[in-house]
Amino acid sequence: MTTVLERVRSGRQAAGERWRDMPRWVRWAVLAAVIVFFYALPNKEFYQYLGPIPTTGSNFTQVLFTVSIYVLLAVGLNIVVGFAGLLDLGYFGFFAVGAYTVAVLTSPTSDLKTLWPWLLAVPLAIALTMLSGVMLGTPTLRLRGDYLAIVTLGFAEMIRIAAVSSEFLKGQRGFNQIPHPPGKYADGKPFFGVLDARPYYWLVLTLIILVVIGVRNLERSRVGRAWVSIREDEDAAQLMGVPTFKFKLWAFAAGAAIAGLAGALFAGKQNFVNSQNFELLNSIIILAAVIFGGSGNIFGAIVGGGLVAYMIERFRGIELFGVELYEYRFLFFGLVLVIMMIFRPEGLIPNRRRAAEFKDRRKEVTVGE
Amino acid sequence: MDFDGLFSNFGELTTTGLTQGAIYALVALGYTLVYGVLRLINFAHSEVFIAGAFAALWTWGAFGLDQDSVVTGFGSIVFYLLVAMLAAAAASALTATVIERVAYRPLRQRNAPPLAFLITAIGASIAIAEAFGIYTRRLPQGIPTIVANDTVFSVAGVPITKVQILTIVAALAMMIALDFFINRSRIGRGIRAVAQDPNTAALMGVNKDRIILMVFIVGGAMAGVAGLLYDVRIGNLTYSVGFLLGLKAFTAAVLGGIGNLRGALVGGLLLGVVENYASGLFGSEWKDFAAFAVLVVLLMFRPTGLLGESLGRARA
Amino acid sequence: MSETEQKPVVPAQATAPAAETMKNREPLLEVDNVTLRFGGVVALDKVDFTLYKGEILGLIGPNGAGKTTCFNAMTGIYQPTEGQIRFRGEKISGKKRHQITQMGMARTFQNIRLFPEMTALENVQVGADAHHKTSVISALFRLPRHRREEREGREKAQRLLEFVGIPHRLHEYARNLSYGEQRRLEIARALATDPVLLCLDEPAAGFNPAEKEELLQLIRQIRDQGVTVLLIEHDMRLVMGVTDRIVVLEFGKKIAEGLPAEVRDNPKVIAAYLGVPDDAA
Amino acid sequence: MLLEIEDMSLLYGRIKALHGISLTVDEGEVVALIGANGAGKTTTMRAISGIRPIASGSIRFNGEDISKLRADLRVRRGLCQAPEGRGIFPGMTVLDNLDMGAYTRRDRSGIAQDLKRVLELFPRLAERRKQAGGTLSGGEQQMLAVGRALMSRPKLLLLDEPSMGLAPMLIQQIFSIITEINQQGTTILLVEQNAQQALARAHRAYVLETGRIVKSGTGAELLHDPAVKEAYLGVA
Amino acid sequence: SSGSDDTASGGDACGNKIAFFGALTGSSAALGINENNGVKLAVEQYNKANPDCKVELVPLDSQGSPDQAPGLAQKAIDDTKLLGIVGPAYSGESEAAGPLFNEAGLVTITPSATRPSLADQKWKTFFRAVGNDFSQGPAAGNYIKNVMKADKVYVIDDQSAYGAGLADEVKKVLGPVVVGSDKVQGEGKQTDFSAVVTKVKAAGVKAIFYGGYYQEAGLIRKQLTAAGVTAPLVAGDGVNDAAYITSAGQAAAEGTILTCPCQPATEARGTFAQEYKALTGAEPGTYSDTAYDAANILLAGIKAGKTTRPALLEFVKGYSGEGVAATYKFVEGGELDPAQVKVWAFKVTGGKVVPDQEIPKS
């Protein structure tokens, strides 16, 4: 058993190394192919040939949109948790802020009756979410470790309760008739329509690529280093001249902004936003996704976010021995998390830095355990 | 704001709040213990609690009691309570142990990063809750009336009921026993040592795995008793109630200073009372909001909780 | 972010003259009647001394005398209960820790505090970043200034690692270095912040006599590049060999101050600290 | 032989830190281990007390093979270490820390006696008995670490740089304590950078270089070995 | 519009499908399961009667969550053989899925989404087989005021679109008689109602109205009774379910008044209740009958050869007929003709929900 696992592990490692050793152009080409694949994915003409990949229980394109939103969220949360080491259990709260900002500004059912177009509301949604990140962060980022975790969780829960209970945010009645993004086909039909989810997916996909490029730049800069040093030893970081508070706030704000963007996109696609969209479980699922994929590694976060969202939907419509698997999907989800983490504690696609550490630590266990 | 609603019911809001708080406190102990030793938010602890609550329910079921039964007579009340308490404590301790073995120990043996534990904890929590949900077809389960909610005496016009006395006395007793165990016994010292520096603790001859197991068993048993008390008090049990209760209990632990046993008690009681006052003042829908708001505000002024950390590592 | 004046870049400044005439020189750090209490323990009791530009000052004393606490007060980890600390003429109190570092004070720790899961190179780069100005925005878009600073930081880090003698450990994770290597890395990281004043807390702990000799040379070189050094150390050979002046603490009080030779022969110091002259002294 | 190590190797990931070390410690001896930074001294100590598994070779203690024994069980066999970096329990008081040293012992009166003795040896600790370990000064922590190791009354005491961070006067004292407890019957394996003192007090010593034993002999022999002198005593 | 040609060109009217859209799993599944069973019964009966041209039932499990609704709606739309939908069961998911169905011209008849605003959105495919909150709320209020003659009432709701809507209507009718109100959390998020109980007890009311679903209602009733509050609980159709009695316990549940814009099963034409029990092994629950009727409307259309989406839509729009729960005829916006909406009061007696009386309109 162990030897097999070892072999699998070393094989995977070798694959990873081969990837790193490949010439640059090969890597670019592979990357380009992957991107093209994902752009092509929502087209029925394409995905019908993909065997069991498309979901059967729910429209695949719509599922892809959900998955892409989760990926965007995972990329954002990875900044907070993976880079800066700030355990944020309430990340979905920022998503809610983004979605509600758009809803309040654009929906005819809103008390404001401003009826803005979607596009105009997006920057404001991002800005407000960022602001809410800063507002939450300013008093709480002085807290360390797990205190922060519970406070962020509390924050998300407070947002949810406010959404449910406040008159202004309309609770479960929600906001309807939120406008779609602008754009028309040549024949005058709107590009972002009601029935075709592909344009929304393409939009999110494009934004994911842009966001990832930006986040990667940050990671490989002074900013990224500051984040990691805070994660490692906050006191020492301060004494080496890192304005830790400022950078933690930046991590929070950057993460929040991405979540706000995701929320705005979601609202623009969905038309309808109510308090049921923001269950606490969502925050936890996103966090699980990030760590599952490999915290601290952007690519890992993407894979984690995608897989987790996809997995939950994929179980829909599968029947095994006459029982609908869908009913059991959270049971499976839970078990998969446990099992996966036991076999790959560093995540599916580990952070290279952490992987090295991990490989070493595995040997450091006291004898006989 | 309904000041009248708060003041005219102040006494009763306090007593019911304290009762609920005692249950939070018992569950909080488990979080605090495990957190103190492993630096791990044992998310699955809420399901340890649920296991105890179901075990008590099924034990009564095995004696032929159902939701409409009312137990009378002091002897049989004590009997049913004790039997169910044993069953609940055992079931919870067992669940906790299994979680430790299956979800945490393998990771520990691989020296996995802390976040990995958090995820297995979440995974285990979801899986166990779902298993109970599927088993009960997600329906709420009625609970027999073991202790009637009679008023025993009144203090300044506020009735104190049997259930309240039972809950608070049981919680306090367990808490005191645990405090002695941790602070006075050799194993208690071992627990604190592992909490602060597991490797050095091993160098002093402490068997880490045994200590960790102890922690899960003790914390589990407490949660089991809390489960029983929950059953008696609420009179109804749904598979999914653990999540929010666990969250509150964890909040209580943090409020008091996580890793600090007495803090768990203080935090739990405080949280219970605050929730009830907020219900009186703003309406019940703001109850949880108030609970978290208090947490946030308090942590701003006391970043390590009311009583501060104690089991945990101080900064060197 | 108040200071912008001269920032001595470690390997680039003119040699400072040796230390005889310190008294006429400009004070760099003034510890003015500082008292610091922890509950009942008085860790610093009206401590008073001045550090002049360009010198190497030794801070010695028995265990628990308050030496590390003094460092902690200087770098903003503790607030003095009474008294003032001035660095380059400015009060320290009320300054954030990173601001103090940016003003030109850097330190190492008695209990090593590296970033264990960063490589040696990255550890030093964090130090170098203290004076970098790239904002989140310019990092986000990889503006030219950001790229230039990145390159400079990396080169500086490499130079410093070579300087402290662990260039072969460039890409090793800090946690994997041996105790002595970690100490060296700490010094490199502190130097990367371009300090005017470098505070070393027992840098030689865990070094053998031969290695201590190397360290002695290193400290001199650092001083020669214009950095003022404050040194806590228990190894008398090192202290006597490298310092220009010595301050002695006992039970939080200053009990002596003077040239190394004076301090060594001070009976109070012998009684409190040195004991029977050790073969090394 | 109390401790017999044969051909012990140890890996950190892919890096080999010990390349087949063999050493022995006889009942009643003080044995010193010296070497430059990164030579593998601490690594050897960790392997002996079981904090790190060894890749090959064997460790025998009192005739029993303990290479695969859990760390805490080794303590029960009578092997105790004061680790590098001191390993104080920061949140526990000085007294609790000392009590942890006696964790495997059951004889109350013996423990009380030893506690008294340790507090006499280090009056500073007696003064600070209620202070949290983590807030002690570096040297105070070092005293605590050594005192705590003494509390377990080991057959074999492993000391990893016990004089680190101590004031000159205390260094003298630590070394006399080492001699004293050795005379009372405790065997000692000592890692020291203060090679002069260590060699002077050790019956035998080993020199470690990049994971290999390159020299061994009696303390006095090594003390006068020119190569050792140059490399480790700093006498050019 | 999409995909109707397919069926027509095939010339085969069979292989048609209808779907049920609602929560079948998750915390709000009970209602959905009741309804799905009703639809199942209708389809089964239809297939027995038309063995050579069966209709298939597609269950679409939304968990009651608006996020999942568009994906499921789209899936239904993609399936060109799918002609009509019973559902969506809840108002939130209806909001999210409505625009898609409207765009695709796929007819929906909801048996239980009672939020009034759904009918205002100009969806041409929306039909509602029950009265909305405006019909039931006032009726419940009237019952409390005129039948129970309670002069002090406490109103609680669970903040769901349904529960809060209902409670608001009740408050409007009762006016000053309402001496206090409170809100709780639904969907199993709250189990300890001690604060509410304290307030109700202190208010010394004659009746308590609860807007929400049976799970919380049961708990509240149980805890009220335990605290010595004997005033009867009045609640809407969301509580009208056997599970309420399980949840509250028989003793506590006794005397609870449940209103419903539906008729008692005994009044239902035919043998619906027996057949339902034969199929599912359980008594019909809330809206089982309405869902059954809604399905039958669609099936009647298919039987009549309206096997394209536009044809079926037209059929439903013009439908008029009798079901087991009510008489159906849709007016402007897809609402059930107000003249057809009858609200009944039921009472829990001896552990059973038994019909009490039809509540007069004012």
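Going by the order they are written in, the chains are A, B, C, D and E; count residues from 1 in each one.
What we mean here is this: contacts are C-beta pairs under 8 Å (C-beta built on N, C-alpha and C of every residue); 3 or more make two chains touch, one makes a residue touch a chain.
What you are looking at is a predicted structure, and each value in this text was computed from that prediction instead of being measured.
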Most remote chain, CA-based centroid, reference being chain C: E
Busiest interface, counted in C-beta pairs: A-B
Chain centre separation (chain D, chain E; CA means) in Å: 77
Mean-CA-position distance for chain E and chain A (Å): 36
Length of the line joining the C-alpha centres of chain A and chain B, rounded to whole Å: 32
Contacts with 2+ other chains: residues of chain C: 111, 176
Residues of chain E touching at least two other chains: 25, 159, 183, 185
Two or more partner chains touched - positions in chain D: 12, 50-51, 70-71, 73, 135
List of chain B residues in touch with chain E within their complex: 5, 8-9, 12-13, 16-17, 19-20, 67-68, 70, 138-140, 142, 145, 149, 233-236, 238, 240-241, 244-245, 275-276, 279-280, 283-285, 287-288
Touching residues (chain side chain D, partner chain B) in the complex: 49-51, 70-73, 75-76, 80-81, 83, 87-92, 96, 99-101, 103-104, 132, 134-135, 148, 152
Interface residues, chain A side, partner chain C - complex: 214, 217-218, 221-226, 228-229, 231-233, 235-244, 250, 254, 353-354, 356-357, 360
Footprint of chain E on chain A - complex, ascending: 57-59, 61-63, 66, 109, 164-165, 171-174, 176-177, 193-195, 197, 269-272, 274, 276-277, 313, 316, 326-327
Contact footprint of chain A on chain E as seen in their complex: 24-25, 61, 64-68, 70-72, 74-75, 77-78, 91-92, 95-96, 99-100, 102-104, 115, 117, 121, 159-161, 164-165, 183, 185
